């Protein structure tokens, strides 16, 4: 399947995810290679946060090799960092980027969903929700400095920011590709995408599970700007200074006016959304597919 | 009026409908030349449906000369075919096209609305609703292979599909041009158009009753792709294989998530919508205009 | 701040407003230089309305030097004119333009908000609402012939029309730039902008308080057409003839179908919206900022 689409200008596949993908045919439920496998041998902190007190801009560098998978630990620490920055009056802007080569974030960590208890799965999903709620509703000006591929959960993190600058590399891709993998992006992923690229582009994108190359992502408005790979962070810094030139108070109220309805929709359906996820992911058929997928990943490494 | 607009790049008129059109001036109610006149001398079935069991793709070829008018018979048979395909587990995709030269479908059949009882008019309108409900909510992947002009009801059928491929011929036009003819597209025509091209393009399009040439339709996103006239169907087949590479289950849930709200709005207002239509179309002034319009069409033929 | 943004293609600033602007840093509330200062020495009527009975098209020429500030008097007279035309069966279309050089309208008049009683401020805000309600819901076809800069309230007036033709002069700018000035566009400004340019462009535009040069405004759909400066009005006349070629009744019902929900939202929150405005504008901190701003404007004149 990926081959069919990969060669098409319209349905471009590239980068990290096509290597991670597993596919089903003929409509059977399948699983979720937007979920990536996290190496566990790293004892370093998965993230590094620098706050420049002179500018009020924090840079959060994701460094959880090999692909910045969003594990429960990762998400928990991410949210704690976000909350700290949010409380810090001297911090007005946040730039999120990756220290890894070629990947911004490959999305949710498959190990959080395989062989885990419903309670644990629910805890994980709650952390995914929390990440989005904190980011999409942040009082800080937030810029995603997307210096690599950013499928699924990585795309969600990107469109949760106020502005997206991506490396101008057609091998890097971004998109909510869940459908390709037999799963369905939940309504709040969908709402965020509709808010970003409009209803029709979101419909096409979600029904086909499209990953867009950086240039295609710019065309549909999934990212706001492309720059050479080595200028992603510096451009984010310059752009942030423009955002911070706007009075915070007015910008924050305006942001809330634009996003509150979308955020409230998840807040008032949060438990049901967790229940849905847990009941889906703990299905025997889904767990079987996860095992097969993991075995494929292991055999590739070997 | 059409002359004023025809010469404008922005408000392009072309193809079938400009020949069918009747216009009012100075705001008097007028009628509906998006409604076309159906020849009754054809005893062949108005449609031919081929299901290729090897690919799971059905092709529905509309062949109701001269212009594939949507009569009650046509719509009833269309819906029966759709329902059969929907129930057939081996059918996963549907391509809709026309066997006629230059026209995909010219829209609703005027004879269903002239001199008919309110009951009959209501039955007709219910069939129009049913066509849209079945198409917009279909579990199949649906592609409109638009190989000719497609005004009014023909446009509705097109935007009811998942994807639109149109012949790259500037003489072919597509659009919800009801307003030009003194009538008003109902809210669910409007909702479908807004979902497809966004609010502002829909507003402009509906207030002016614009028909777009194929290239202009592509520009505003009313169709997704233009190809040479003789490649419309083959391109639809290739594109369908991409849609069917996506696991059905995930695509179907995603499609429902995107379209359910719009569909539910008609479902919960269906009777009122029928009542509105019947009370409008059976007005004496409207019936008078329909008679004048029919006489004009007949004199043209003579 | 303006300097940072002025040199950017993306965040272009130009024209009238950059001369009027005052900025706050570090998020303190600040005030509203989208509000302009009205000269009081003119005894001429602030507007001139010509209705051409042969075409049914009225042209409303705003002439309240120096910058067509929207004072209570101006708005009241504007609304009376609109109402008269609305009642006049012979009037089917309205073109709004400016007799002033370089400016369409610079927005709300700061003098209406400085040192005024809460009652008076409320009366003023009610007039702003009334202007928008009458314009956005007008039964006439309405075209803004934007022959100069049109920030804030001037932009609201423009997007309240059915169609926008702007002088192709990159020094002229248009946008809802309230946020730049430390204030927040109310929800109905926001709704009108979202309806015009879509959610994401509106989000970016409102959060950053962007003013768009004429070419940039065309790109995002904030205006529909650019023409040479001396052809703005004549093009509006030609375009109006296309709008009036559409049967009024059908166009009016269609327009209402597109806009009613947005209008009803303000109608059912009108008093709360006034209360919000009055409580904001009568704050001591805001009044202090207004005084500073006025002093700056006076020193510039001297």
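The chains carry the letters A, B and C, assigned in the order they are written, with residues numbered from 1 in each.
The definition used in the following text is that a residue touches a chain if its C-beta (ideal position, glycine included) is under 8 Å from a C-beta of that chain, and two chains touch if they have at least 3 such contacts.
Computed from a predicted structure; not experimentally measured.
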>> I'd like the angle of the rotation relating subunit A and subunit B after CA superposition, in degrees, nearest 5.
In response: 120
> Do subunit B and subunit C face each other with the same patch, meaning over half of the contact numbers show up on both, or with different patches?
Replying inline: different
>> Measuring centre to centre with CA averages, how many angstrom lie between subunit B and subunit C?
In response: 39
> Which residues does subunit C have that touch at least 2 chains other than itself?
Replying inline: 198
>> Give the list of subunit C residues in touch with subunit A in this complex.
In response: 1, 4-5, 8, 10-11, 23-30, 178-185, 187, 190, 198-200, 202-204, 206-209
> Can you name the residues of subunit A that touch subunit C in the complex?
Replying inline: 92, 162-163, 194-198, 221, 224-225, 241-243, 245-251, 253-255, 257-259
